[in-house]
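Please read through the structure below; I'll follow up with questions.
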Amino acid sequence: MTTICLKFETEQEALLKIIHEDFELLEPVVNVQYANCREVGWMSGGEYRLIQLSSPVRYMGNPEGLEGQYPLVIWENKACPIIGGREEDGMPKIFADIASERHWGEHWFTSASYECNTFLTIDLERKEELGAGEIAKMNEHSKTNVFGWRYIPNMGKGGASLSHATLYPQEAIATQVWIGEGSIKWNPLTLEQNLVQYSIISTLAQLPVIRFLPAIMMKGSSRLNVGDSRPLP
Amino acid sequence: MTTICLKFETEQEALLKIIHEDFELLEPVVNVQYANCREVGWMSGGEYRLIQLSSPVRYMGNPEGLEGQYPLVIWENKACPIIGGREEDGMPKIFADIASERHWGEHWFTSASYECNTFLTIDLERKEELGAGEIAKMNEHSKTNVFGWRYIPNMGKGGASLSHATLYPQEAIATQVWIGEGSIKWNPLTLEQNLVQYSIISTLAQLPVIRFLPAIMMKGSSRLNVGDSRPLP
Amino acid sequence: MTTICLKFETEQEALLKIIHEDFELLEPVVNVQYANCREVGWMSGGEYRLIQLSSPVRYMGNPEGLEGQYPLVIWENKACPIIGGREEDGMPKIFADIASERHWGEHWFTSASYECNTFLTIDLERKEELGAGEIAKMNEHSKTNVFGWRYIPNMGKGGASLSHATLYPQEAIATQVWIGEGSIKWNPLTLEQNLVQYSIISTLAQLPVIRFLPAIMMKGSSRLNVGDSRPLP
Amino acid sequence: MTTICLKFETEQEALLKIIHEDFELLEPVVNVQYANCREVGWMSGGEYRLIQLSSPVRYMGNPEGLEGQYPLVIWENKACPIIGGREEDGMPKIFADIASERHWGEHWFTSASYECNTFLTIDLERKEELGAGEIAKMNEHSKTNVFGWRYIPNMGKGGASLSHATLYPQEAIATQVWIGEGSIKWNPLTLEQNLVQYSIISTLAQLPVIRFLPAIMMKGSSRLNVGDSRPLP
């Protein structure tokens, strides 16, 4: 797995509007993660790519005090992980074409598009590589609580058949890490270019970027333990 | 919408094994429908393709005595209609690459594949075109009850959060119809070529073909009235 | 075949820089043609899409005085017609992903991208449809001389093994025509996003648009008579 | 670059029919090479995949006595390297969809298809990995003469504007090598499924496989030195 992880500070009020009220925002920060997932076991070593935007939150719906990442959206370029992630784990996954990361010297970049319309571009100026000690230290905190919200609508009337918070613990082990400077650029689509995702893209594109925080590029492996995912009461 | 509709007679026992017990099989017949959907409204006139296998059934779970088609599987080549169809209507939709229908004279054909592995090929020898009177007669029976089963698993343990029959009424109006002779050919994949769909494809590929029944090719339009879909008690 | 044909007036000097000196520019105009080619014979009824930019010229390399279109570039979304068009006819064809035309009411649009990076968007506001008489009149001038330049480089040293003007007569018969207002929008890529096409895209993107001229949308058929193509002495 | 390299012995007579008479066949053997090319410089680190079939030959058209590989066909899944390879180096490149190599344990596999129709499947049972010494020994012979034939037809009449042998020296350095047992399986298409490539695929599919020879899988890097390519007199 190769990932590019950016962060930016945004306005708390704008961000709160798109986070479910059962979660408390810990910091007005958006994490943007691009991942090129290779050697995927359930694909017989196949590959897919994703771009996830998430914010750090605490779940307030029960007394566990769980902290983790709340995904605002996850674009993936293959249908199969989208279906499973939505139905089994409540992940807000939707489809986009996502280019492989490419680079020119230490300038790395990728883009996401829908029907040939680019809506998001990610850039990273890669700087120095971390040493083994620093990576070992990062790997001490390899586990992340990823939250979700499983929403299955009622049929033929309003309301939902299922609507509840979910917890999807994930683990990522880095083998190589570089620090760098990252940025994203939205190219908001018109309504008709993407009827289904228009409001998602334009809402996210309107989150103000106060400043970009330090970014990293990482090679390593990840474990999505579907068996440990659970509904949150 | 351009569709190729084949039918074959199969062994009742083999077919019953893959139809939910709440449905009564009306005939040991499998309908194979390829559709090239163009000018799709919610895609701003975009397009996607599907291949559906279904059998005629009566729903026995309530006293309505509803008759219709029970889809055994629906492959589609875009993620967006798959997600909606599964979660909102209980349709057994999964992903495949599906080629546009092509032809050589009156021999029409298409194929479905997964990661460059063809698993299903559809052929049609197109014969005479129907007259306006015959088409008008067909259009008197333009409505079909399509059944589904909405199954959303529990998280982190066995069992299901949602598991119930669904009804998804559809309507298709033909403007041009040809009769013909059709056939399908399975190329069952190995387990590792498609871990996720292996058992679906191999089960369907093993349904014996006793004989192919008359086929048709059709141009026209279709209405999927999501608002009329409902859970079946 | 469905085509969207735009035109814009540009500065003669800028345009002359990218037209071979053997051609005389007749008007400082660029024609932008998007075509969705379906029912392509040599593809067994398959389909591909193209976007061509061309200008009206007269060939001065011989005394024939031939007038026609000089293609500045032709993007196509399938490799096979690109190879044939380049090697057999000298057409400046290169690859891009090109979306199917879609629309929202009478607003039609499409885009071209490379590795998820949109570089060109085409929009058309479709107005009234032409009557049969007007279409018949258009079809009286159904033939176009398309010029090309067949350039095959020397191997392992400068210069060219082949470098000569070509003539590729084409014919397009309209069955339906709408007039409208069209426009294009460039989104020039960075060098590293498309090393191979960067200078082509940025040169064309820099052609000034003085004004857009009337546009049309057309349905009909086209004949590319490869057998009539010939080198121009 | 990750490559899977198979070999099979075939009948000399069948093979001679598809090798230009200016080349002498050294052994009645066909090499089948799948390569997943990543970090491609002129693609800014992008990727493409290819499947090449070639046989060992000596060029008899001049007194140099050059020995190397004669490619019978090269399928690639991106248009850009196809165009360059054909026009600049005389490589017999054509388009196909080519899946990434995947695996189930030590069983590695990939397929090539055209419009969802698989025509070639490659399988490798990977066995033991070679040691550093053996790899170093392999890398002593890292250079290969790849021959080609640059053929550009005349326009509008028979014959060719260019038709000559080419030499395209290549170099591949292995960093990891495994030995194994490989095989290929053809699924010949019907004429109408692939009008343009039908005779290529069916000719190659008819080459008898007398026996498969030892195969290897290799990770490493490759250098295609276009500057060293030259026409052969």
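Per-chain residue numbering starts at 1, and chain names A, B, C and D are given in the order in which the chains are listed.
The definition used in the following text is that a residue touches a chain if its C-beta (ideal position, glycine included) is under 8 Å from a C-beta of that chain, and two chains touch if they have at least 3 such contacts.
Source: prediction; values computed, not measured.
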Neighbouring chains shared between chain A and chain C, ordered by label: B, D
Chain pair showing more contacts of the two, C-D and B-D: C-D
Inter-chain centre distance, chain B versus chain D - centres from mean C-alpha coordinates, in Å: 40
Distance from the mean Cα position of chain D to that of chain C, given in whole angstrom: 34
Of all residues in chain D, the ones touching two or more other chains: 43-44, 46, 100, 102-104, 115, 192-193
Chain D contact footprint on chain C (complex, rising order): 42-44, 46, 78-80, 82-83, 86-90, 94-95, 115, 150, 152-153, 155-156, 161-162, 166, 192-193, 195-196, 226-231
Contact set on chain C toward chain B in their complex: 43-47, 100-104
Chain C partner contacts - residues on chain A that touch it in the complex: 97-100, 102-104, 107, 109-113, 115-118, 121, 187, 191-193
